[in-house]
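Okay, here's the structure, questions in a sec.
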Amino acid sequence: MSVLQLWLNLGLNTLSLASLLAMLTVGLTLIFGIMRIMNFAHGAMYMFGAYVGISAAQWAGNFWAGLLLAALSAAAVGAIFESGLLRHLYKRDASSFLLITFGLSLVLTESTRLGWGSNSRDVQLPEALAGVVFVMDEPFPLYRVFLIVFGLTALGILAIVILRSRLGLLIRSISQNAEMTQALGVNVGTIRTLTFAVGCGFAGLGGFLAVPLITGYIGMGSAAIIESFVIVMIGGMGSFLGSAVGSLLVATTQSFGNFYFPDLSLVVTYLLMIGVLLYRPGGLFGEEE
Amino acid sequence: MKYAVPVVAMLAAAPFALQSYQVTLLTEILIFALFAMSLDVQMGYARMFSFGHVLPYGVGAYACAFALQAGWPLPFAIAGAVLVATLLSIPIGWLSTRASGVAFAMLTLAFAQLGYAIVFKWNTFTGGSDGLTGFARNAGPFGFEGFVSRDGYFWLVLIVVFAMYWLARGFMNSAMGRAIVGVRENERRASAIGYVPRSLRVVAFVVSGALAGVAGSLHAGFLLFVSPEILHWTQSGHVIIAVILGGTGTLIGPMIGAALIVLAHHQLSAVTDSWPLVMGLLFIIVVIAAPKGLWGIKASLAARISLRRARPAGEKHAAS
Amino acid sequence: MPLLECSGLTKRWGAVTTVDDVSLTVDAGEVVALIGPNGAGKSTVFNLIAGAIKKTAGAVRFAGESVEHLSAYDLAQKGLSRTYQITCLFPQLTVLENVRLAVQARSPGRLRPMASKAFVDKTQAAAMEWLARVRLADCANRTAGQLSHGDQRLLEIATALALQPKLVLLDEPTQGMSVEETRATVRLLKSLLEDAPIAVLLVEHDLEVVFGVADRIVVLDQGRKIADGNPEAVRNDPAVQRAYLGVAHA
């Protein structure tokens, strides 16, 4: 394999990984941007969605059913949690939310473990996604191409909704000034619940999609939440562009790092984060406080 | 503080009054209480929510284990370990305090997880997931062996924990400690009187880390085994819940919270596999229903009682 | 040499100029008031001096040194203290501790890491003296956040003065106070300044306060300085009358 082929392979790997990370992190950013809540339970949602999706796919014999249910189940749990609990606590300060969502992550993770057991699980890829694609004479898993396309599509749709639709306009106005928006007659509570649910749904989606790459295992939530935190620190809290760019940067350090410095890829990622923070404490596209 | 001496005296009598497994449990409680108290310096006094407090704890534990493996006498091993934990806390504190609030929490978590990953992966040095064993509470200096036995080690832990409490109390009441509280109360006003908020926060972080390092090294000497699990971020949850349950900003509250958590953990682990579930629920309930923790509830009850006592006398002064 | 020397202060926000080439000085021990109708740029000048806003042009020198890039804490350590328009206290701490921290901040040993009863007693005693001077002594043990608005403003003044600065910047000290409270504050300020002459630069809307305490008055209008002199001269200055009343008096 020539260097060019190698780099192309690593590059495609990067893009598919970035796609997964972006789906996870965009959900987190959506929730933070609108509700100023850093959802610690996001990793647990990722894992929960993955497990529900795996079971659904097994039961229905269909990968796509798993995909759909992964997203919906995570969204449902998010909606219940937000409307049942978080909604009543908006007067509290940000640290309370961090702690409460931390507690939720423990509850959700442990409940999932109790429900599904500690063994790791896998999902069967459908025929259509199982093959390889040849890029410059090197085989590249078709599934990863699918991830790139799916990720771009999903994020593209989200971007259109947020930037162009009426719902998106309401969401953006709530993030700027919730009281004013409420005074204009908008049902802020419902939209918040919806936003939280969508954010969690993206996490669940990402979790299920990650299974063919990393298998579904109980610790996947922890790994995911740390990664998404690192991305958010790099990209800037509350910035979608930051999440996208951050995902790309972290995916790059991980893909290339895993190849060139196998045991140190995590360290490389952290060095990236430290570098960004030294240069811009708020993250690359973060709000200057 | 005036209750401290009787309490310590009572505890010192424990090995004579309790069974051996209870003395062991009490040792574990004391170590965790110190760990929780160390976090309170950050969380309660400086309002810095570190989710990575396991890092100085774990580093202290591993450093102590290495020193003991190398044959150092226990007191020196502990001292060396504390020094390592403290030195590490400086750059991490400096970097993490570039952010505040939620971002600070995430950063400290990320650093702790990095520590976990390094310890986990660096098999040759740290023993990886198997952890480190094969070390003992080395006697010395001068061949002193008082702390080698179970009871002896209990007394050592009791003395060290009490000493750390006394130091922490002294620090929080000092000029610097009060300035840290000022920064917490109103950063802008603290700046306006000439204090540098960021520097004070770094100091709080490092002091907190140093105390955690003490707890960690005591842990190594206690279990005579260390594994990466003590660095896992879910352990951060244990100590955070202890602090909140006990009451932030009181030093004593978190120690009591720690005792309750350890006891609950032991009791519940005997009957169920799902301690993390219980802990998660406890977390949510305590943060929502009792954010000031047990000590806070006691303080407001005490205030109400003293108000009620003051009223009949028709006092002019408000609650003292 | 003047204690505070501002030359050519200018602040532009895009096409809008809020402060246009304003120069003023404050000598040691002098009380200078900065007044002007709404929108004159008083607060902006104030914040430019205190370093809270970046200036577009101009220089600020304090005690002979340039204070270009100094933060609030550096300024405080150099002897420049300030109050804020929106009361800025340590809300959950006691009134006494609020002032004591200020006293502590200018004592040697302000960063001592071990507790010392002697230090606490000494600083508390000094703080109580300040509280006595502003007539808040019997509130010493109350939580600062529980005080009435007027008392909080007084507490903030006490805290600023307890730093024993060379120059104190008072940002609308009587804002939100009742007429009674305002008169009391004027009397208080006068007596405090008689005991220990500190330089004061204050921004005020209430002209009664201004004419009560100021040695010199600087008047701004639409970002420019239109008058600078003793109270009598300013009171009779036609430019000032025009700015405030729209018409010159005979």
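Which chain is which? They are A, B and C, in the order written, and residues in each are numbered from 1.
Everything below uses one rule, namely that contacts are C-beta pairs under 8 Å (C-beta built on N, C-alpha and C of every residue); 3 or more make two chains touch, one makes a residue touch a chain.
Keep in mind it's a predicted model, so treat the numbers as computed, not measured.
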With chain B removed from consideration, the chain sets that still hold together: A | C
item	value
Distance-maximising chain from chain B - centres being C-alpha averages	C
By mean Cα position, the chain sitting nearest the middle	B
Distance between the centres, which are taken as Cα means, of chain B and chain A, whole angstrom	33
Whole-Å separation of chain centres (CA-atom averages), chain B against chain C	43
Interchain centroid distance [CA atoms averaged], chain A/chain C, Å	50
Sites on chain B at which at least two other chains make contact	none
Residue numbers on chain A that touch chain B, as the complex places them	38, 85, 89, 94-96, 98-100, 102-111, 114, 222, 226, 229-230, 232-233, 237, 263, 266-267, 270, 273-274, 277-278, 281
Partner chain B, residues of chain C touching it in the complex	71-73, 76-77, 81-82, 84, 88-93, 97, 101-102, 104-107, 109-116, 119-120, 138-139, 141-142, 146, 159-160, 163
Touching residues on chain B, where the partner in the complex is chain A	47, 49, 51, 95, 98-99, 101-103, 105-107, 109-111, 113-114, 117-118, 121, 233-234, 237, 240, 244, 273-274, 276-277, 279-284, 287-288, 291
Touch list for chain B against partner chain C, complex	169-179, 181-182, 185-186, 188-197, 203, 316-320
